[in-house]
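Below is one structure, written out as structure tokens, with a few remarks after it.
Going by the order they are written in, the chains are A, B, C and D; count residues from 1 in each one.
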Amino acid sequence: MKSRVRLILTRSGAREEVVVSGGPTAWTVERAGTTTSIDAVRLSDGRLSLLLADGRQICGLVTFDDGAAVVTSSRGTTRVPIENPSRRGKRATSDAGDESGEEVRALMPGRVIEVGVSEGQSVAAGTILLVLEAMKMQNEIRASRGGVVARVGVAAGQAVDRGALLVAISPPALSAS
Amino acid sequence: MKSRVRLILTRSGAREEVVVSGGPTAWTVERAGTTTSIDAVRLSDGRLSLLLADGRQICGLVTFDDGAAVVTSSRGTTRVPIENPSRRGKRATSDAGDESGEEVRALMPGRVIEVGVSEGQSVAAGTILLVLEAMKMQNEIRASRGGVVARVGVAAGQAVDRGALLVAISPPALSAS
Amino acid sequence: MVTRLLVANRGEIALRIFRACRDLGIETVAVFSDADREAPHVAAADHAVRLGPAPARESYLSVPAILEAARTTGATLVHPGYGFLAENAGFAKACAGAGLTFVGPPASAIESMGSKTAARERMIAAGVPVVPGMRKAAAGAADIARFGREAGYPLLLKASAGGGGKGMRRVDSESEVAGSFERVASEARSSFSDGAVYAERLVERPRHVEVQVVADSRGGIVAVGERECSIQRRHQKVVEECPSTVVGPDLRARMCEAAVAAARAVDYVSCGTVEFLLDASGNFYFLEMNTRLQVEHPVTEEVFGVDLATEMIRIALGEPLSIGAVSPRGHAIECRVYAEDPRRGFAPSPGTITAVRLPQGPGIRNDVAVETGSVVPIDYDPMLGKLIVHGADRPEALSRLVRALEDYRITGVETTLPLFRRLVSDPEFVSAAFDVQWLDRRLAAGLLEDEASPADEDILLSAVGAAMAALERERPKAGAAGASAWRRAARHEALR
Amino acid sequence: MVTRLLVANRGEIALRIFRACRDLGIETVAVFSDADREAPHVAAADHAVRLGPAPARESYLSVPAILEAARTTGATLVHPGYGFLAENAGFAKACAGAGLTFVGPPASAIESMGSKTAARERMIAAGVPVVPGMRKAAAGAADIARFGREAGYPLLLKASAGGGGKGMRRVDSESEVAGSFERVASEARSSFSDGAVYAERLVERPRHVEVQVVADSRGGIVAVGERECSIQRRHQKVVEECPSTVVGPDLRARMCEAAVAAARAVDYVSCGTVEFLLDASGNFYFLEMNTRLQVEHPVTEEVFGVDLATEMIRIALGEPLSIGAVSPRGHAIECRVYAEDPRRGFAPSPGTITAVRLPQGPGIRNDVAVETGSVVPIDYDPMLGKLIVHGADRPEALSRLVRALEDYRITGVETTLPLFRRLVSDPEFVSAAFDVQWLDRRLAAGLLEDEASPADEDILLSAVGAAMAALERERPKAGAAGASAWRRAARHEALR
């Protein structure tokens, strides 16, 4: 039931190595030469409650999203990029995947008003791909990098859910065929 | 996706046949010669919302417990014994099971203060089986029917969870061996 | 006979009116679109009737569907809420035509206040102060200069045919009049094919202060203090307070008197609000009258100890005012919680609410229309509800607001809560040193942009969170939180 | 230096004091037993320290553990809440001995009021009315008869060594004195080996009415009106109100004056409550003084617009009273929500709360210490929290209470909510025609026993519920609710 993980956290651009060991509730955190003992539990609402030796409590919700911990607490929401060096192999693969193209997904549910591109078309970064209406507001969805439209997942007039694939773009290098 | 169920509901001792057909949201309920059309959905908090043709809404939580529907709404909590005649076979078996003995379980978590019986002992209805303390109150747990103690599941001093088996009692007829 | 009231609306205002009905012993009727079958306002009503598909024009704006719903359910009272068909004289008339009692002002009062120019003329006639302005277009620059000498500078030149901020120009002194007049007139000719220009006094950095009035059908009328609504984003109120920190007893008395005169001028009956612009010298000018119950009515309720929603229904039933000479106590602040993402230009954030945790304890009132599992549809105004705090004075109300915002959690959609969390630590907000453009200036200056960099606390949470997650992945039933979850699951099992 | 306050308690009172601290900008320290590591009061604090195992004597009653927790966290203030170590003079002294400020009255005041007989003597000396009684045992029946002529009938004869209801007898007239005296004396001799008997005036069907007092350390003292607490089950308060319907301005003034005299007699500082028995003729008698913040303090807060919890802390910090000449507005009612099963003799119902839905909207305050997923341990008082409603008058407060109770849902444990739902439809409760034994009489008469038989609504819900469940069993992803659940699940997926 004991565990030991070495993590690289990034704060304000600076990388910091942290070693966390122990569990399931009693943990030791080593960073920059200091060692902190922590009693940690997950509360029924999903938040973590950490108690330090001096009684100080740190309470917040931690979720993981795209290689970062997202921490929400009464102090606000912050994002801490986090790497698990023992999983570096997998990360690298997935990074490579990221670079191989772009999948444009709906950030909110809505209706597609207009589709401005078709499959096979070359687009530059900033090209308007389509117009999505949500709550009476029209949002222009643009390409964040150049490439070739590999797939158009929706048609004008269609309702889409959050997260739906709108347009997939392949990088220019892969788009020859 | 359509369904048709015949049910026997008991209210204040009187049995009533009800046929429910339709689904998943549009239902027809036939009872005592009257037919009611109902639009039904389950709300995110688990309650059912039924809308009748005249707009009347009936909202409440329905759970099933030991052959009855337990309905909780702003009108309070009521219990409607309910039979599904097509499942009568199973019911009968389980009824027979009920009659073969008694399993006394903890109705609340607590600590066992004292156990008054031991395995193999004959008990009459009303015999104190054990004393359970919860929240500083001592509760005497008694046998609801006579028989022979088939099993004592706990010992004095032990903490028990709600639902834990305290004592099992076999009916006299089966206790010869 | 049972009294039954239909609310031709959805969301928190429908719930608010239903609560008022329940407090009065009146049965409730909800209406809903296909997007709202499972919405909290539907579940809260004694009756509920489908109006039509999700788009508002086919549901909440469909007068025939609403009248039919009233007929089906035997409702005799119809409350429009705010938005949708509130302030629609045609709807008020249609209700009357169908034999229903409209819970709101007479259609004639809605009409009178609905036309801004006609309302201005009526207010002038009633002696209600309006922003000084020329009553017809200027024949030339000399007319403008003459008006400037009367009304004082700065002025605002406006193209008569203009609108939406176009064809307007500020003039600070008489020497600028001639040049500015020519420029606005020429812009007006080219943009609107109409060169007519007029001038009005420019009210600089005004506050928006409004007065709540309540009038019954027997001639009784009372003003229930003012509300400070200067915290606006693009002309939309965001935070409202009662009372205003800049309104003293004398000014309050004069504003209340003007508001009563305004309401009397249109034979107003029901709850209504007279909105004023207030300048730094304590001059106030009629802006418009909202002929409905407003979003921000709870701050008045908390401070004056009245129930405006029940009063509005009682008045519709022909009863006399029950609100008499009430006096204010303490201070209340309301925050409008929207499903909008303040970090992305307040883009709407519809979706499913995965969890709601409302603040509670002393001084906190929640008028909220979502629960865990609720869906925020894409089809309507994305307001989720309102947080209202009340304290013995403004500092105590602010302290309670800070606490409430810390405790408030909504997940699944983005909300405007982070905006409020920033606001309450802004020194100008805390000292109430603001005007109607203040928030827009603050947002433009990056109020929300200086994203907090992770603190040591966040580093520790991230690290332990990652370690716990790793442990849980390896041993799903034996990790830290896993043990906890398992223990809980076991307890649940035991309850069956 | 940061001010840090430790609450030597748990549950809703810990949360209440933490909220007060946050409103004052004071850091908070929670203490907890092994049963409470995940409890809401722990999660709500800036610091939290484990005291020991679940049993209270090893945790919340362990003075050394609490003092050590204060030392570890640098807390300088200690608040006892109510119950546990509140009203324990030894704890107040131990805090002082450890250099900590005890947020409560001086140990001497706790001691003085802790001894019922000594307190009675002090009250007599201070001119506070007490139930008339003989100050020593009767030499014979003639002594009793003489006292009866002075004090009036009925009397209550009591064995001096008695207690717990034993050795007591009602006497309605002088003719009964001789016989009753002999019987009580003989019973006293056999039961307590002490035949001493005395008499006091029997207060018939009294109400419990108490006065809130607040005193600072500079001699300032104020009485903040009364509370009506007659709704009791076996001497435990269940529902409290402010004000009392039977206390008029003159009686209120006299009760407040007596309460201030009582507090002054023991040099009281902090919030405290002087409890009185009130008879049908408007005579009131000192019962006892609670030297702490009481469970029912919120009804006073709502009606008077004050914050007793912050005031108590301010006073402990040496500040003068901030509560001046406050006046009441409206009516407030509090219900104590317990994890007890009213249908099974109010047996405790510990367990895991599977869902909590609190009422909200105008006039509703929740001081509640459980959330969905919270565990109600078997080790402590099973109070989950308090529902407080407030309205412009008692009928409005009652309407809002009815509404709040309809909206309130707690599942996973049994609660006293069904009791309150019955109470609010009881004509005598609605007309406030009750006394301290009223609820016990009502319960004995079967208030909760006439279980509602299923209505047509319940039949329809059962039938459709069963059909939907059958459909869901057959086609887990395509049934009625199944479709809904599946749709929701799909949405959740889309959010990832």
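Just so we're on the same page, a residue touches a chain if its C-beta (ideal position, glycine included) is under 8 Å from a C-beta of that chain, and two chains touch if they have at least 3 such contacts.
Not measured: the values here are computed from a predicted model.
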item	value
Intercentroid distance (Cα basis), chain C paired with chain B, Å	50
Separation of mean Cα positions, chain D and chain B [Å, integer]	35
Interface hub residues of chain B, defined as touching at least two other chains	41, 44-45, 162
Contacts with 2+ other chains: residues of chain C	38, 351, 357, 371, 373, 406, 484, 488, 491, 495
Pairwise touch network: line, ring, star, complete, or other	other
Chains grouped in pairs wherever the two touch, ordered by label	A-C, A-D, B-C, B-D, C-D
Chain C to chain D touching residues, read off their complex	15-16, 19, 22-25, 38, 298, 301, 305-307, 309, 329-330, 351-352, 354, 357-358, 360-368, 371, 373, 375, 391-392, 396, 399-400, 402-403, 406, 412, 484, 488, 491-492, 495
Partner chain C, residues of chain A touching it in the complex	1, 3, 5, 7, 9, 11-12, 16, 18, 20-25, 27, 29, 31, 36, 38, 40-42, 44-46, 48, 50, 58, 60-62, 64, 69, 71, 73-80, 82, 84, 107-111, 134-135, 137, 139, 162
Chain C-touching residues of chain B, taken from the complex the two chains share	39, 41, 43-45, 47, 49, 51, 54-57, 59, 161-164
Complex contact set, residues of chain D against chain B	347-351, 355, 357, 378-382, 406-407, 409, 411, 418, 421, 451-455, 457-471, 474-475, 478-485, 488
Residues of chain C touching chain B in the complex	29-30, 37-38, 42-43, 45-50, 69, 72-73, 371-374, 490-491, 493-496
